[in-house]
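Down below are the structures I want you to see.
Shared chain: subunit A. Partners: subunit B in the first complex, subunit C in the second.
What follows is the complex of A and B.
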């Protein structure tokens, strides 16, 4: 599903070179639930950005779903993001001026899908996170947990091959976080590959694998013996 | 197309939208009416006087002293001028077309009738008037030397043979103007004038008057020590002859003052100076308003984009291409501008009706409002394109940053 081989990401300024990722290699199989952990500044977010094709890398090779995406142009990367990747962000990143229906609709609009099909998908996605009845509400009218559920619905509505989650429970209380994790496990159980960046060691144990990053490199890659879902 | 979500999002941030739409509406109201006024003035200024303006100049001659004899001097002067190389023709005339100064009267088809009197400019001229003015005789005949009468205050005007413009003939004889030659008309003193010729066009001295196309030429030279010599030259000779004629007149030894040695083009420009200045001011107002409106649109777009940088990054992360982002902001601007131009079109028409009712203006042509709408929609799109392009450069990686 995801193969990163010898990826390097260097940020350059006039005076400083920062190696965010060094010879970074990671293979994720289809259907896996992988957590990425590591201290602040270790390269987790850089990895997430590269895995999600949000940024380009300096050298190395990245194969996603059998396609080498290492040197795709901006337009093609946007299309791959739209069709194959679902994003869940720590601060939800919902559009405050759009109601839930329109928020979930955002990625589908960029796919050129017909309105009737979009409506079916949006309602199904909102229903799957238990918020269909509130489709006309604004994000500000929801709790943090509900907003993250909307963000999950938005990530799922395009039926992506894998989800990238950036600290999805970071802004939630423990009870709400637990509910979101249950939802992610259900999604994973249904066949969607998930890569989740987290600071929380307890969440790292709830995945199939935990990859620990330190100084831009994979320090450890452990299979968890606890069943993910 | 994202019209629905953009519209709903705009409705949740009404203030900025209303302000820009109101600015666009105000701008449209002003520019539609201003452009109409400019075009109206432009058409007014562009009307031909009927004369060969480019090759005409005139000079005022004012004699003084007991020995000064206007009849003799003007005959000598005209004879001298006509013999100068490069002069096509010259006449003595009481007023200059489109100069702002002249005399007028009213003419009727029935002696003593007050109703239906047609106002007209009066040009008193000698037999070279038509060839000097360069007007086109379309019916009848030109004046001859024997037609010309010389008179002063002691001799009443009396009956005349006259040449009038086709426009005046139509005003006197609706539908039969071209058959006016040979017919008699009467001035307010019931003097009879037989129409011996028609000229295609000769404007009155007052370009703003309602009867600017009505002119009457009388073969008469009025002797009062003051004369205007109108001179027509061959192309390219005017400026040289203006100097030469004045020098020769001054050197002739008669006691006189020479004034206002001017070309007709120059005099015409002076007559239309207020119209021209008004057009310039209105062009400046239009330019300023459009600039301010464009800056307002740019300001709102920049503010809106800066406020939504993370949203734009998120949209990019979710699959929006750069053209998608560009299209989003162009479409958003189009919606705001559309509200503005629709309101502006209504206001523009209402404002024009106000001007029609209160300032005797004519109604704007139907296409002014839609043309103004298109111009402002294009202006809006051009104004927003810069900020929108900058929005397309926002990295999708912004979505994962905690800002």
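What follows is the complex of A and C.
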């Protein structure tokens, strides 16, 4: 599903070079739920940005869903992001002046889908996170947990092959966080591959695998014995 | 997607109403001011009769006194030459014309006598210049020859005298003479007043039109410019008519190149003949001018309007520069949204289009407000110039309205290019964590 081989990412300024990832290799199988942990500045977010084709890397190879995406142009990368990848962010990143329906609609707009099909998909996605009845509300009218559910619905509406989640429970209290985790497990159980960056060790144990990164390299890659819920 | 982008633009406006309104205001002021000057230029420099301007010719002769080196040949004709041309030009529509002023005694007792500005012209004047009639019509050449007391009233004078009713056949008294109304003009105010640029190219239209032969035959009080370059021989009206004084405009309609060549040959021969008789001592290069050439020769569009245009363009540029800064602030403030859209699969081209449309919407709103600014500016000019100009001319017509909106949209989009380019080329990754 996702194969990164010997990926290097160097950030350069006029005076300094920072190696965010060094010879980073990771293989994720289809249907896996992988958590990425590590201290701040270790390269977790850089990995997630590269995996989501939001940034380019300096060297190495990246194969996603059987396609070498290392040298894709802007347009092709946007297309891959739109069709194969779903993003969930720590701060939800909903658009404040769009209602829930329109927020979830955003990725479909760039797919050139017909209005009727978009409506069906949006309502299904909102229903799956239990917020269909509030589709005309603005994000500011929802709690943090509900906003993250909308963000998950937006990530799922395009039926992506895998989800990239960047500390999706980081801004939530423990009860709400556990509800969001349950939802992610359900999504994973339905066949969507999930890669989740987290600081929370307890969440890391709930996935199939936990990859620990240190100084831009995979320090450990452990299979969890606790089955994902 | 177009409607989607329009909707996003309006939502974006609502999100930053103060910043967006400042941009709209800046564009409105810049575009509005520019359109005021554009309208002035449009009025002063436009072709007032585009379908016929290359067929109507004004005649100029080699008048003047060689002793005065800075003496420009006057643009009008003397009575001797105007009469000669009128008599010789039979096969082409032609007209001599000049202004007069008279005291009009209104019918009934409600109105007191008042002065009217009138024009004496030949019968062909009306069809030559495509002058529209509300009632009746002009007169024929026989009326010119026999000095019939007929009059054509302007729409406004007819309104004043007869309440706008059909007054054809009615009698009015001017300078003690009974004139029969043969027609009433429809609203007509060409800009510039190309058939008489020598007497105020933007002066109001005359109120009454009578056969030109009456100006002489009844010794009506002439008004308008008179240029003389030789002393009169005597004090009588006849002495004035025989003098080297130019006070008559002479137009002829020539519809083909052959007609033009033939007529030019005729007036060249006429001028040569007059020179042999000791008249027309100057030498001019051109004796026939079409409408547009005539307006250029007489500098209908003053240099000041070009300076004003440059100033207005500079003001527009300053307003647009201001808009560049405001748009930059607005669009860079949307970096997080742009980052999210990129992450969700938007291509840079889509985002570019979205923001071009957003700039276009701001421009359109600025254009609509700019129309108001332009209307206020034109009203100011109308108040400033008062009776010096005909009110009808300084208006925002459909063409000016369209150009205003288009100018606002295009200039705002151009001003938005750099901010849009900057906004669409952000690194999305660096903005997704920070929202």
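Everything below uses one rule, namely that the second predicted complex is superposed on the first by the 229 of 229 C-alpha atoms of A that agree within 3 Å, B and C clash if a C-alpha of one lies under 4 Å from a C-alpha of the other, contacts with A are read in each partner's own complex, and residues count from 1 in each chain.
Methods note: contacts are C-beta pairs under 8 Å (C-beta built on N, C-alpha and C of every residue); 3 or more make two chains touch, one makes a residue touch a chain.
Every value quoted in this text rests on a predicted model; they were computed, and no experiment measured them.
K.L.:
Would you mind checking whether subunit B and subunit C clash or fit side by side on subunit A after the superposition?
P.N.:
Aligned through their shared chain, the two binders clash on subunit A.
K.L.:
Is A:128 touching the first partner subunit B, the second partner subunit C, both, or neither of them?
P.N.:
Once the two structures are laid over each other on A, A:128 reaches no partner at all.
K.L.:
Regarding the shared-chain residue A:37, is it in contact with subunit B (first), subunit C (second), both, or neither?
P.N.:
neither
K.L.:
According to the stated criteria, A:147 is in contact with first (subunit B), second (subunit C), both, or neither; which is it?
P.N.:
neither
K.L.:
Name the contact category of A:206: first (subunit B only), second (subunit C only), both, or neither.
P.N.:
Neither partner.
K.L.:
In the overlay, answer first, second, both or neither for which of subunit B and subunit C A:198 touches.
P.N.:
neither
K.L.:
Just which bits of subunit A does subunit B share with subunit C as contact spots?
P.N.:
Common interface on subunit A, subunit B vs subunit C: 45, 49, 52, 54-55, 74-75, 78-79, 81-83, 87, 89-91, 93, 95, 97-98, 106-107, 109-111, 154, 158, 166.
K.L.:
Using the touch definition up top, name the residues of subunit C that touch subunit A in the complex.
P.N.:
1, 4, 11-12, 14-15, 336-337, 339-350, 427-429, 432-433, 435
K.L.:
Quick check on the complex: what are the subunit A residues that touch subunit C?
P.N.:
So the residues of subunit A in touch with subunit C come to 45, 49, 52, 54-55, 74-75, 78-79, 81-83, 87, 89-91, 93, 95-98, 106-107, 109-111, 154, 158, 166.
K.L.:
In their shared complex, at which residues does subunit A touch subunit B?
P.N.:
Its residues touching subunit B are 45, 48-49, 52-55, 74-75, 78-79, 81-83, 87, 89-91, 93, 95, 97-99, 102, 105-107, 109-111, 138, 154, 158, 166.
K.L.:
Any idea which subunit B residues touch subunit A in the complex?
P.N.:
That would be residues 2, 4-5, 8-9, 12-13, 310-311, 314-322, 324, 395-397, 399-402 of subunit B.
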